[in-house]
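Both complexes shown next keep chain A, but they swap its partner, so chain B is in the first and chain C is in the second.
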Partner chain A sequence: MGTHNHTHNFSQQFEFTGKPKTWSLIAIVIGIVAIAYGFLIDTSETHAERTFANLLLMGYYFTCVCAAGTFFLAVQYVAQAGWSASILRIPQAFARVLPIAAVILVLICAAGLFTHHEIEEEGVKVSAPLLYKHWATHGLADPASEHYDEVIAGKASFLNVPFFLSRMVIFLGLYSIFAMLFTRFSYNEDLEGGMNNYQKSFKYACIFLVIFGFTTPIWSFDTVMSLEAHWFSTMFGWYNFAAMWVSGLSAIALTLILLRKAGYFTWTNDSHLHDLGKFMFAFSIFWTYVWFAQFLLIYYANMSEETVYFYERWEPEFKPWFWLNIVINFLSPVLILMSRDNKRKENLMMFVAILLLCGHWLDYYMMIMPGTVSKHRTFGITEIGIAIGFAGTFAFFMLNALSKRPLVPKNHPFLEESLHHHI
Partner chain B sequence: MSNTKYILGHFEDPDDMMHGIDRLQENNITIYDVFTPMPIHGIEDKLGYKRSRLPIAAFCFGLTGTCTAFSMIYYMLVYDWPMNIGGKPSFAMPDFVPIMFELTVLFASFGMIITYFFKNHLFPGRAPRVMDFRATDDRFVIAIDARTNPYHDKIDDLLKEAGAVEVLHNDRKYVSYE
Partner chain C sequence: MSSHHESIIREPLVTGDNITYARVTNEVLIPVENKPNKAWWIGFTVAALGALLWVVAVSYTFWTGIGAWGLNKTVGWAWDITGFVWWVGIGHAGTLISAVLLLFRQNWRNSINRSAEAMTIFAVICAATYVVSHMGRPWLAYFCLPLPNQFGSLWVNFNSPLIWDVFAISTYFSVSLVFWYTGLLPDIASIRDRAKGTRRRVYSVLSFGWNGSVKTWQRFEAVSLILAGVSTPLVLSVHTIVSMDFATSLEPGWHTTIFPPYFVAGAIFSGFAMVQTLLLIARKVLGFENYITMFHIEAMNKIIILTGSIVGVAYLTELFIAWYSGAEYEQYAFLNRVSGPYWWAYWSMMTCNVISPQLFWFKKIRTSIFWSWVLSIVVNIGMWFERFVIIVTSLHRDYIPSSWVMFHPTIIDVCVFIGSIGVFFTLFLLFLRVLPAIAMAEVKLLLKSASHQAKKKLMAEGKVDPVQAQYYKESLTKYDSVPASETV
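Entry: the complex of A and B
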C-alpha cells in the first residue's frame, strides 16, 4: 500500500549505462559473430539457407514484439484503461524500436529473395533464392519453364517479389507511423498537459486497431506461411497474432520486473504484475485455442494438401519439438499462472516470462524450419547466436529509447488510478 | 438484560461507515458483518476477511467436467459402439478435446453458481436471510453481535459519533422471515 504516500520521483529517468549496456552490446557482437559463422565458416550443405531462416525467425520475432508493444498501447487507449498508465513507457519504448525492427526485417526478406544458390530438385538443377524458394524461384509460374508449378502459378499474382516487398513495406511503415504517433502524443502530453493529446491517442488507436487487425494476418501469411507456399490455412494469421501478443506481453512483464529489480518503477505494485500475469495466462490459452483450431480442422478433414504441414512436423526431426512447443506454451503457463498468488510473485513471473519468450522462439522455429531447411534441421551456434544477437539488439534499442524520457507519463489522465491500482 | 440480539448502525455515506468501522475496532468491539448496497474497495482487508475459496471449488468442478466428458465419449465411441468416422481410429483423441473443453466450462460455471447459492441460502423457495432491507437500497449497515459485546450504550455512541443516521436494536437476527 506504499502508493498512498506520494514519495516517488516521477521525473526519474532510466540511466542506460553499466551492465545492461555492456551485456546488450556483447549480445549484439555474439549475434554478428554467429551470422558470420553461419555464412562463412559453417560448411554444411544448407548453411546459408539455415542462417537466412534464423535471421528471418529472429527478425520477425523482433518486429512482432515491437508491434505487440504498439498494439498494447492502442488497446489501452481504446479501452481507456487506467491500471496501465504508470507502466506505459515500457510499451512506448517497444513502439519506438518498431521502425528499426521493420527496416531489419525488410532487409532480411529482400536479401533472402535476391541471393540465390543452386539446389537440385527432382533431378533438375535450380537456382533458388535463399528464402521463399517455394514461390520465388524463377520459372515456377512460367508454363514454358521446366520447373512450372501450377499451384504456385495460380498464386503468382499475389506471391510475386515486387508485390510481396511492397506489401511488407506498406504494412510495417503504417505500424511504424502509428507507433511514432502514439509515443509523440504521450511526450507532448508530458509537456502540455490537458486532454488534447489523450483524445488524439484514442482516435488514432481506433484507426490503428482496424488497420492492424486486417493487415497482421496478411503480414504473417507473407512472411511465414509463404515459406511453404503450396499449403495454406486461414487460421494462420490469428495463430501468429496470438504468438506475437503473448511474446509481447511476456517481454513487457520481463522488462518491468527487471527494471523493478534495478530500482526503477517503485510506484508499481503486485497488482500491476497480477494484471500482466492474467494477460499472459489468458493469451497463452488463446494461443492454444487457435493452434488447436488450426490443427483439429486439418486433422478431421484429412486432405493431403492440408495435412502436409503437420506431416512434416511429425517427422522424427521435429516431433519432440512439436510436443515441447505445446508443453512450454500451453501447459506451463496454465499450471504455473493459474493461481492468483503465483501471478503476484516477481521471480515466478520472471521465470514464466522468460519461458514463454523461449517457447515462442520454438513456436516460430516450428513454423519456419520445415519450409526452409526441412530435413537438415539443426540446433547449434547459428540458432543460439542469432537469437542472442537479436535479443541484444532489442534490449539495446529499447533501453536506449526508454532512457530518453521520464519513466512516468506524468499528465496521463488516468495516472492516479494506476498509482492506486489495487485488485 | 435486554433482548437485543444485534445492533445495526445505519450510515448514509460509505466514508462515514468506514470511519465507524475504524472507531469500533479501536475500541475492541468485534463487528459481526457489514452490509452495503454496492461493493466498497478495501473493505475485506479492513474487516480481516479471508479470500473466497470459490476458485478452488471451480477448479474441482472443472476437473470433474473434463473427466465426465472423457469417460462419456470413451464409453460411447470406443467401448460401447465404435464407429468408422472418416477412417480414423475410434479413439481419436483430438476429436474429444472440444467436448472435454465445453463440459469443463459447463461444470465449472454451474458448479460455481450452485456453490454460491448454497453458501448464501439463495435456493428458490427459500426465504432469503436479510438482516436489514435498506442495506440493499440506500443504507450502509454495520451489524454488531449484541450478545458478545456487552456495552451497548458505548456502541451506540461510537456509531453516532462516526455519523450513523440511525441505530437499531434488533431482537432477532433476520428480519426477512416474517
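Entry: the complex of A and C
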C-alpha cells in the first residue's frame, strides 16, 4: 500500500531515428522490389495472381493488427482494466495507423478486382479478375453466359463489386474513425486531466465494440471467405477474429519488449509481460478451439459442399503446412507459455510473439492461397519480400505515430494501478 | 490477489459503515445459525411440492415408458433435450464466475461466486435427471460408461457426441464440486468454531480439519488457482460438446460450424440471468445488500448485454449464411424458423434474447433491481425458446414432406419440466440453510482496499484527486445500500 517515489520520466517520448527508422525503410524498399519482381520480372504463369494474393494477405494482416490495437483499447476501457494503462500508447499507435492500413487494403482489393487476366477454365478461355475470380469473373451470374454458375448467381446480390467495395469502405472507415477518436481523447486527457475524456472513451468504446462485433464477421466473409465463393462456414468470422486478436496481442507484446530493450517503458514490469503472455496463451487456445470446431464439424458431417475446403488443403501442396499451422499456433504457445515463469522472461516472450506473428502469416496463407493460386503456391521472393515490406510499413508508421506523443497517458485514472501492477 | 493500489473511481465491492471481519461473519451466517423464517418455509414448501411433481412425473415415465411424452416419429427429441440443454447452460455462469473471473483477478466475483457455483451444481444435477429419465431404462444407465469387456461386449460408441457428453458433464460436475467445496472449507471452519454439540461435530468433519494457519491459506490459494485453470477449459468444453450433439448431424438448422462457441456464449448468458434471478431476491431477503452491491448487479447486467449480443451475432450469422450457402435445405430450414408454423417460438427467442437485453444499455434500467429481475426472467424464457427452436423447429419438417408434423407436449412433459425447477429450488433453498451463501473469507479480503469505508477514509485523508473523488461519489447515487448523504 506504500507510495513509491517514481523515478521514471513520464514525459519521455520515443525518438524515431537511427536503426529502427533505417531498417523499416529498407524493409519497405524490399517490399516494393518484391512487388515489382512479382508483376514484372517473374515469368511464371500465375505471377500476377500470386503477387495479388500476397498483397491481399499482407494488406489484410496489416489492417487486422491495427484493428486489433483499436479493439484492445476499446476492451480496456469497457472492462475498466487498470493494469494496461501504462502501455496504452502502444495500441494507440497501432490504432493511428489503421486508416493507412485500411486505405491500402481497399486499394489492393479494388486493383485486384479491376485488373484481369486470361485463365483456362474447363477448356474455355476466361477473362478473370486477379482477385476474387470465383465470384467476380464476368458472366458467372448471367444465365445467358457459358460461364453461368447457379450457386454464384444466387449470391450475386451480395457478392458484387460495388456492394463489396462499399461494405469494405464503410466498415474500415468506421473502425478508423473510432481509432482516431480513442487516440484523440487520450491525448486530450494528457492536456486537460479530469474524468471527461475517460468517460468519453468509455462511451465510444461501447459503441465501437458493438459495431466491430456485428461487422467483423462480414468483413472476413468478404475479404477472405469469398475467395472460395462456393464454400461457406458460419464459424469463419470468429475464426478470423481469433487470428486477428492473437496476432494483435503478439504485436503489442513484441513492440513493448523491443521498446523496453531500447530503454523505454522502464515503468513496466514482469507482471505486465505476464498479463500479455496470459492473453497470448489464452487466445491461442481460443484460436485452436475455433479452428478445431470448424474442422471437426465439417469432417464429421462430411458434406461435399463443405469438405471441399479442407480437401483442397489436404492436397500434397498444402498438407504439411496445414499441420504446421497447428503446431506453431497451438502447440508452441501452449507448451512454452504454460508456465508462469516463462511468461515473465523477456526473450522467451519475444520469441513466442515472433513465432505467433509468423504462424498467423501462415494461417492467412492457408486461408488465401488455395482460393487464388491453388496448386501453384510457392514460397519465394514474392511471398517473403511482400511480407517484409508490409512489416516495414507497419513498423515505420506505427513507430512514427508513437514518437508523436509522450509514452505515458499521464492523466489516465488507472495509471497508478498500472504502475503498481503486481500479480 | 489484489493489486497494491486501487483507483478511487472503482465502485465499492462492500458498502456500509463499521464493517468488520466479525460483522461479515455474523451477517452472512444469520440464515445458517438461526431457525428459518416464514418466507423460507413458504418458498421451500412450494419448491418441495414442485420436486414432488417431478418424482411423480418421472415415475410415471419410467412406468409407462417414453411414450408418456409427446414425441413422435419425426420429432423424436423435444422437451427432454430442450430441458437438458437449458439446465446445463444455466450451470455455466457459476464456473465462469468462480474460475474465469479468478484467473482475471476480478475481485467482484468474491461475494457472488459461492451461490453462483452452488447454482451450477444444482443446475447440472437437474440436467442429469433429464439424461437419466430419457434413457427409458435408467437402471441400465451404466451402459453409457466404457466398461470392461467381461461385462458383456457392450462398448460404447466413441464416435457419438452423446458419449463425449457423458465424459464432459461428469468431469465438469466432479471438478465443479471439488472447486466449490474447497472454497467452502475456511467458511465451514468458521461455522464449526461458533457451533456447539452435534452441529459442531458435523461441521468439524466437513471442514477437513481446517486450522487457518498460513500454510493452509497458501495451499488454499494455490489449489484455487489450479482448479480455476482446470475448470476453465472444462466449462467451455461442456457446452461445446452439447452443441456437437446437434452440429455433427446432417440436419439443416443443426449442422453449422458456429455452434460450439455460440452455445457457450448462450450458456453464459442464461447462467448469468439465473444468477440474477436468484441473487436479487436472496440479497434482499437475507440482508446481503452490503456485500452484493449495485456494482455486482450492474456488472452482471453488462455481461448479459455482452453475451446476449454475441448470441445475436450468431443468430444473424446463421441466418445470413443459410441464405449465402445456396443450399436449399439450409435455406428452407431458416425460412421455416422465421415464418413457419413455429414462427412464434423463433420471434420469442429473438425478442427475449437479443432485443430485450439491449434495454440494459440504459443505466436507469440496468441499475434498477426490479427491471434487472424482470429481464433476467425474460432471458431465462428466451433461452428455453432458443433450444426449443433449434430442436423442434429443425426436426418437425425434415427432408420428406409426407412426414412433416407438429409437436404437442403431454402433461407429463410439462410436469417433468416444472418439476425440475422444483428440484432446483429445493436444493438451492436447502443450501441457503446449511452453508454460507457468501464466501466470507473472500469478502473479508476486500475490506481494506475495495470497501466504501476504505475509500471514505482515503477521501477524508485527502489522498485522492478531488475530481476522481467526485466521480466516485456520483457513481454511488444508484446504490440502495449507501445513504444519500454520502453521495453527491
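What we mean here is this: the second predicted complex is superposed on the first by the 419 of 423 C-alpha atoms of A that agree within 3 Å, B and C clash if a C-alpha of one lies under 4 Å from a C-alpha of the other, contacts with A are read in each partner's own complex, and residues count from 1 in each chain.
Here is the rule we use: a residue touches a chain if its C-beta (ideal position, glycine included) is under 8 Å from a C-beta of that chain, and two chains touch if they have at least 3 such contacts.
The structure presented is a predicted model; accordingly, all values stated were derived computationally and were not measured.
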Clash-or-fit label for the pair chain B, chain C on chain A: clash
Partner, of chain C and chain B, that touches more residues belonging to chain A: C
First (chain B), second (chain C), both or neither touched by A:H422: both
Partner chain(s) touched by A:K261 [first = chain B, second = chain C, both, neither]: neither
Chain B versus chain C as contact partner of A:K410, first or second or both or neither: neither
Touched partner set for A:Y300, first chain B, second chain C, both or neither: both
Chain B versus chain C as contact partner of A:H138, first or second or both or neither: neither
Contact residues common to both interfaces of chain A (with chain B and with chain C): 296, 300, 422
Sites on chain A touched by chain B in the complex: 292, 295-296, 299-300, 302, 338, 340, 422
Of all residues in chain B, those that touch chain A in their complex: 41-42, 51, 55, 59, 86-88, 94-95, 97-98
Residues on chain C engaged by chain A in the complex (per definition of touch): 3-7, 9-10, 103, 105, 233, 236, 240, 244, 247-250, 255-261, 309-310, 312-314, 316-318, 320-321, 324-327, 361, 467-468, 471
Touching residues (chain side chain A, partner chain C) in the complex: 1-2, 80, 82-83, 150-151, 154-155, 158, 193-195, 206, 210, 213-214, 217-218, 221, 230, 232-238, 278, 285, 289-290, 293-294, 296-298, 300-301, 303, 305, 413-414, 416-417, 419-423
